[in-house]
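This is the structure, below, for whatever I ask next.
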Amino acid sequence: MNAQELRKAAKEVLPSVDVVIGQRAGFDPLHAEPCFATKPEDVDDFIASPLCVHNLASYLPSLKGKKVAVVVKGCDSRTVVQFLEEGLIKRENVTVIGVPCSGIISVKKVLERVSHEPIQSISFDNETVTVKTNKREEKIPLLEVAPGKCTTCQYPNPLIFDVLVGQKLEPRGSAEAVYDDIREFETKSLEERKEYWEKTLGRCIRCYACRNACPLCVCQESCIAETRDPHWMSQKDDPKEKMTFHMIHAIHLAGRCTECGECERVCPMDIPLGQLKKKINMGMKELYDYVPGINPEEKPPMYVFKVEEDKIEEHELS
Amino acid sequence: MTDKGYLPQDKWEPFIESLSNDFRVYAPCEEDGVITFQVLEKGKKVDLSRPSTSAPKGVMFPQSERLFSFDFKKAPESPDKMAVELDASTNMPETVIIGARPCDAKGFLTYDRVYLEVDPYYRERREKTTVVGFCCNGPFAGCFCTSAGGGLAEKEGSDLFVTEVDNGYFLEAITEKGKKLLGRPMVEDGASHADAASKKQEQASKALQKVIPGDPEPRISREAFESDAFWDEVSAKCLSCGVCTYLCPTCYCFNITDEARLEGGERVRSWDACMFHHFTLEASGHNPRGRKAMRLKQRVGHKFLYYVDKYGTIACSGCGRCIRHCPVSVEISGIVARLTEGAQEDQKAAEARS
Amino acid sequence: MKVGVFICHCGNNIAGTVDVARVAEETRKIPGVAYAINYMYTCSEPGQDQIKDAIKKYDLDRIVVAACSPRMHELTFRRTVEKAGLNRYYFEMANIREHCSWIGEDRELNTNKAMEAVRAAVAKVMQDKPLYSSSFAVNKRVLVIGGGVAGMQAALDCADGGHEVVLVEKSPSVGGMMARLDKTFPTIDCSICILGPKMVDVAQHDLIKLYAYSEVEEVKGYVGNYQIKIRKKATYVDWTKCTGCGECMEKCPSKDAYDSFNFGVAPTKAINIPFPQAIPKKAKIDPTYCRQFTKGKCGVCAKICPTKAINYEMEDEIVTEEVGAIVVASGYGLLDIEKMGEYGGGRYPDVITAIQYERLLNASGPTSGHIVRPSDHEEPKTVVFVSCCGSRDKSIGVPYCSNFCCMYIAKQAILTKDHMPDSQSYVFYMDIRSPGKGYDEFTRRAQEEYGTKYIRGRVSRIFPKGKKMVVRGADTLLGTTVEIEADLVVLANAVTAAPGAPQLAEKLHISYDTNAFYVESHPKLRPVETNTSGVFLAGCAQGPKDIPASVGQGSAAAAKVLSMLSKDFLENDPAIAQVNQNACVGCLKCVKTCPFQAIVEEELRGGKVVAKVIQTVCAGCGVCTSTCPCGAIQLQHFTDNQLLAEVNALCLS
Amino acid sequence: MPELAGKELRIVGFLCNWCSYGGADTAGVGRFKQPTDLRIIRVPCSGRIDPLFVVKALINGADGVLVSGCHPRDCHYSDGNYYARRRLEMLKQFLPFMGIDGKRFHYTWVSASEGQRWQKVVTDFTRQVHGIGPLHEKKEAAK
Amino acid sequence: MADKDYAYYPGCSLEGTGSAYDASIRLVMQALGVEVKEPHDWSCCGSTPAHAVDHLLAGALAARNLVLVQKMGLKGVSAPCPSCFSALKTAHYRMAKSKAFKDEVNELLDVPYEGTVDVRSTLQFIYENIGVEEVARPVKLALPNMKVAPYYGCILNRPPEIAQFDDPENPVSMDNLISAVGVEVVDYAFKMECCGAAFGVPRKDMVNKLTHKVLSMAIEAGANCIAVACPLCQQNLDLRQAQVNAAMGSSFNIPVLYFSQIMGLTYGFTPKELGIDKGVVDPGNLIETGPIVPKEVEKPKKTKAAAKEAS
């Protein structure tokens, strides 16, 4: 990724849009943050590196009515495609600046790798990360400190773009391997799975970061986790309510989640929330041969049907 | 009874364990890489190596609590008459919080000013809880306690203050409640370690430079604060989630709901957050703080203006959690710093005039 | 909130296995229940009065009746509470009969189950909201689909009642199956002679607009306000010019076209008028046989036509009609006899279907009423009729009786003797089903006066032997197998649903059974209504039936239409979806899933986009409600909170 | 009021009004005996059944949930059951991932005329749920 | 194509009286380039006697063989003998229909049958999996003298819900196969009338009557040869022809060949190789081959014609 090229492209686009959304350096060496550029000098702050973890496409629906240019990685571009599938954005209002991506960092993994020592600096070279803390310097292969989605990334290149910055890349790992983690989890017994989710979801503080960061959570301010009419959930700090909330989130994303991983990234309690949606996605692929965010002409499977479903069989009672 | 104690390294864990016999002990424990304050039980390990993800505020101000339960009662002979039975009994155990950071401990003072007088639930918990503060060794990403009138060795808010020295722990009673703990078994006399501890504390205090001007606390400019353009700009990336407020050791907003079944139910007080759309949503559908810019402004304004107006001090202890854990790195210290620049100039101008 | 609960004994039906007194006692303990009582027959007049009195006396504002299925008496009790001044939706039923007392044997378990059913109903009724219908204007025009005898009857009755009728007929002429018949049983009167005048009436009625050779393409709208798209299929003849003189048919050089009116008994011309009495009597080109289409040159008809009506460039045309009610009289089809391989139909020319035989018997048919074998055009002396060809045979998917074959076989046997006095007819049958007026006498006449030999048994195989067809079957009365050497074999092939029946049903949103016959609203009490209001059934589309029954049903459907159209306004069911504009985020997923296109996009002042329900189109299924992620669109009377109240009442303990 | 301790489990049924509720009525009219565990909630169409109702029931106290609608092609609202089928199948696959036995949830199609089929569905499903046992700790039968 | 990868279950008849059937099938397969894979250690299918005594054991006997195929990892199995086919397919069908029956049968087996094996008659296999087009390809010679009446017997395609092949009342598969190799076929009505089957021993009179009918209808239709796909049919029609003549006063002398023998002849195999000499009625000059005379290819007969427009 080359920041110069990106800035150049963004500057070219800027005059024709209201805002260009990119990423710039954040409050510490480990963080980048979204940057809403309206002036050419704002664009000069843009960076392009594995620190750019944000799925900037998430902001698009909230900017309805504006002309927006957005910088997306391959995975983020699926969000854009999904928006188009669902009619949540108008294509003509969005300029997509695509950046092929060889992986991003997981802040949590980097910190764990250096025992949470305060970071002095971080740099990237050829998919190697060099981290300096006040005590040491460590060189780490990028994919070792990348989020799970990067290690099996099938879409390193944006699937939709108006401008492409950088060279296209090859998918990482086989398409089959994408769901290996889900399959492995499913080798556990029902009891183990239940315990696992009770433990991890038990940490949830209902801050709704997962929901608010989720690009496909269309309801946002009308989310039924908080409404009284309908009154699906109480406000009690209760494991059942937490389980209910996260199942609602997952079910509402059935056939829609583009696996950008934002829910997991933003969770302060480090709950592996992406797994729930990934599991459902796996079913969507098997049942309806559908992968979200690939083809803007497709219709998400929960809003269509076939009179004769190819893969759904009647369940027998034993 | 002395007000200084010492625990050698090898007595530290047994000491905490022994506390568990008489108190409900909350301590920072690690699970799946996340440190939260949890009730100490067998198998849980105290982890003081870095600040916890969430503040210990839930101990004093639970995420949700039953204020009372209500039951509808009927006499069989007159089914059309119904009585309501309320039960507001509480049963709060004596509690100790171990390992609160100076910023965490100081946070409780923010609550005290608001709740101690008027809220029996809070008061009972507060009275039954002893806070054992822990001197920080150094700052972490986002920390800005020194800019919020505190410091890495700030003792205000702690009942007992712990400093790591000489292969052990120096214990300093700040209040009577803290003193009581010094009388427990295993605690040795700490007088001989006092010097080393104060040296350590002094060192810690200097480890973090101020990032926001203002002494001891920042004061922000009303004029700058009222600029819509400013809030639009800084909130553009904000997701309007509750990470900042729910991890914050000083945020204290709540919601009250009745969670009812056919036969009765509970009135529940639960955390709420000014960053949520629902927080100010009115029944009509109108929302006075309908945009996230307004909500971020409220959050900063509450902490650095309105609270100051009412209680004379800011409602922020600079723990940095809201920065560290913000999904999009909204940096409250940076926002406040920008708002104080105007204040500085205001002040200078005022001085010049006089 | 003051809920009144009435627990019905239903005589011993409920009280026999449910301790109703205990249910009442426990119900009184439920908060919000101000009154609960058990009673012998709550649906009886005194039972209903009891509800009305209690509403007044105890100031009740919501009512629960625990009794039979709401499918039985919900409407009864809704009216009761309404008469007592409550909104009819402040009412719930707990089904403690069909779902409880009748199916459980243990009194204790049944009683507990009944108590819980009441509890759930109380929880729901406490969430109920008053709902009010709105009324809308009715378009008083009528669409009749199918111009057979049932459809014509319905169309004439509606038109005589003063309403404009749009009659759509798939084939080039009205008349349907009846127009093909020679005589009708049991009177042996000429079919076309009695049908012809009706056909003329249809053609000449000022209020009937006939679309022949047309099909319903699309149905939109709802009861009282349907928009119908009709496809007028290309005839390649301008019917406004065609006088039906028939010269084109005379001169047409393409002589081997399939004659669907005559079921292929003989070929016809590529341009033809289906039969002399056709209404409209207009010519039509069959492009699969016309040389102009197949070879690209000919043009004989165009040259010869005195009115220059021929237009080879004609295309299908779509017209739109607006109507308020629809009568579906789309008729029936016949089983493909090749499905019965053992009978050799389709392989052996002298094995024919009964309707083909009907055309052979008919004086205006291709043989001018002379019965001849298709193979050699000789007069058959021995004719074997095989009844139940496919009917009542599960293995080929026709488990039902085709209703009228027994009768027409008797008729055809009689006519055979009339035509050829020296002939001998045999009938293989399973049972003789002749339950109509004068019917049994008729079948007896066939046997006794006309000497038809009835053999009770099934035919196992038909095979050729020289010029003869050997019909081998069982004679179950004699207990042997018999073989009859016949000159001609007539198969009474089963009546099936009309081809395309399911597709038409899907356009109309009506349901059809496993055999693709349309399903009436109630098999006894609502025989011509469908579950889609405004759509009515007549004739064989609903199931096999003979002419008098079809005509009767045509009139019955017309009566239903007329009674509906006697009102200027209709009221809608208020239990439909409603959008909370504050909560709606405008994602419009509900628009995508609504089966009725009842939801549209609406822009509010200020530019916010939300979903909007067209009240009269919404059918109240609730698919939108379960699609909406934020609960902003709620199906009234089945809202999330109302259903959650039931779930919570049953689950939370 | 909980189920009778020891004898019953808590099974909630969501039935569409036009087919399955009618089928259950038909079973009743025919006096086809069934286990008593099931509690029926009537909805207009299986398409009305948000999978979340099933989740809510299973998390909050039900040991089993049965959903039944019109057979495909027979929906009174023409398409409702097709959507239901997709949603419920999704849920059926998802539940075990969360550690909830998929056998606690069953969805099927029963027409208004299929009283005997309804009897079999209820009987078999109740047996299936009993085979797995309770999902929640049972409290004492109150009142 | 994987579809052709089926096991071949010869069954006991084909090792005995039907050895010519076996030989001819193997040669035909060879010509068609299809490998014959015989399951190792196959056992009796159970035939008629087993299910007459015990359905469960009959099922197990057949299922044992299906398990062998399952172990071979093949999609299905073809059996030339209709009785074998019927026994195997019935066992498969019953196990698929009833879980209880499946469990009971599997209880008896060492390795449980998973219900995945597709059972076909070899006729069906050749007709559907190889297809008439492929079948026509190896043809080298014509049989100008032969007019064949195909005879299907009772169980090749019946009962239809189990056999699931061809029209149960008017089968055409063998007709089409024989036409495909260029041999003339005659249509007649008795192609699936019963030949008497195993009643040849206890009720000779009945078999005589039945066989007489079949033979006379075929001859009346103009046939000079009968084609079969069943060793027992072959036996009844061929071996008993003299017996029928004696009892019924007829003078039939019509050879009865396996359809595979006829195919084999056109492929250029010798009568000896194909075991035609093992038949009782001498085919004489019927099996004389000649060069292929090109003629217009007849379209295969339709099993079920499309329904004509009803109105």
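Here are a few things to note about the model shown:
Going in written order, the chains are labelled A, B, C, D and E, and every chain counts its residues from 1.
Just so we're on the same page, contacts are C-beta pairs under 8 Å (C-beta built on N, C-alpha and C of every residue); 3 or more make two chains touch, one makes a residue touch a chain.
Just so it is clear, the model here is predicted, and its values are computed rather than measured.
The minimum number of touch steps separating chain D from chain E is 2.
Contact with both chain C and chain E is made by no chain of the assembly. This structure's chain pair with the greatest number of C-beta contacts is C-D. In terms of Cα centroid distance from the overall Cα mean, chain D ranks first. Comparing the centres of all chains, each the average of its CA atoms, the largest separation from chain E belongs to B. Separating the CA-averaged centres of chain A and chain B is a span of 31 Å. Note on chain placement: the centre of chain B and the centre of chain C lie 71 Å apart, centres being C-alpha means.
Centre-to-centre separation between chain A and chain C, using Cα means, comes to 52 Å.
Among the residues of chain C, those touching two or more other chains are numbered 29, 119, 582, 593, 627, 640, 644, 648, 652.
All chain pairs that count as touching, in label order, are A-B, A-C, A-D, B-C, C-D, C-E.
Within the complex, the chain B residues that touch chain C are 72, 74, 76, 79-80, 82, 261-264, 285.
Against chain A, in their complex, chain B makes its touches with residues 31-34, 36, 49-50, 53-54, 62-64, 138-142, 233, 236-237, 239-243, 245-247, 255, 257, 259, 266, 268, 270-271, 273, 276-278, 281, 323, 325, 327-329, 331, 334. Those residues of chain C that touch chain B in the shared complex are 2, 25, 28-36, 58, 119, 122-123, 581-582, 648-649, 652. Interface residues of chain A facing chain D in the complex, by the touch rule stated above, are 182, 185-186, 190-198, 232, 240, 243-244, 247-248, 250-251, 254-255, 276, 279-280, 283-284, 287-288, 301-302, 305-309, 312, 314-315, 317-318.
Across the complex, chain C meets chain E through its residues 170-171, 258, 260-261, 263-264, 333-334, 336, 338-344, 346-347, 395, 461-465, 470, 498-499.
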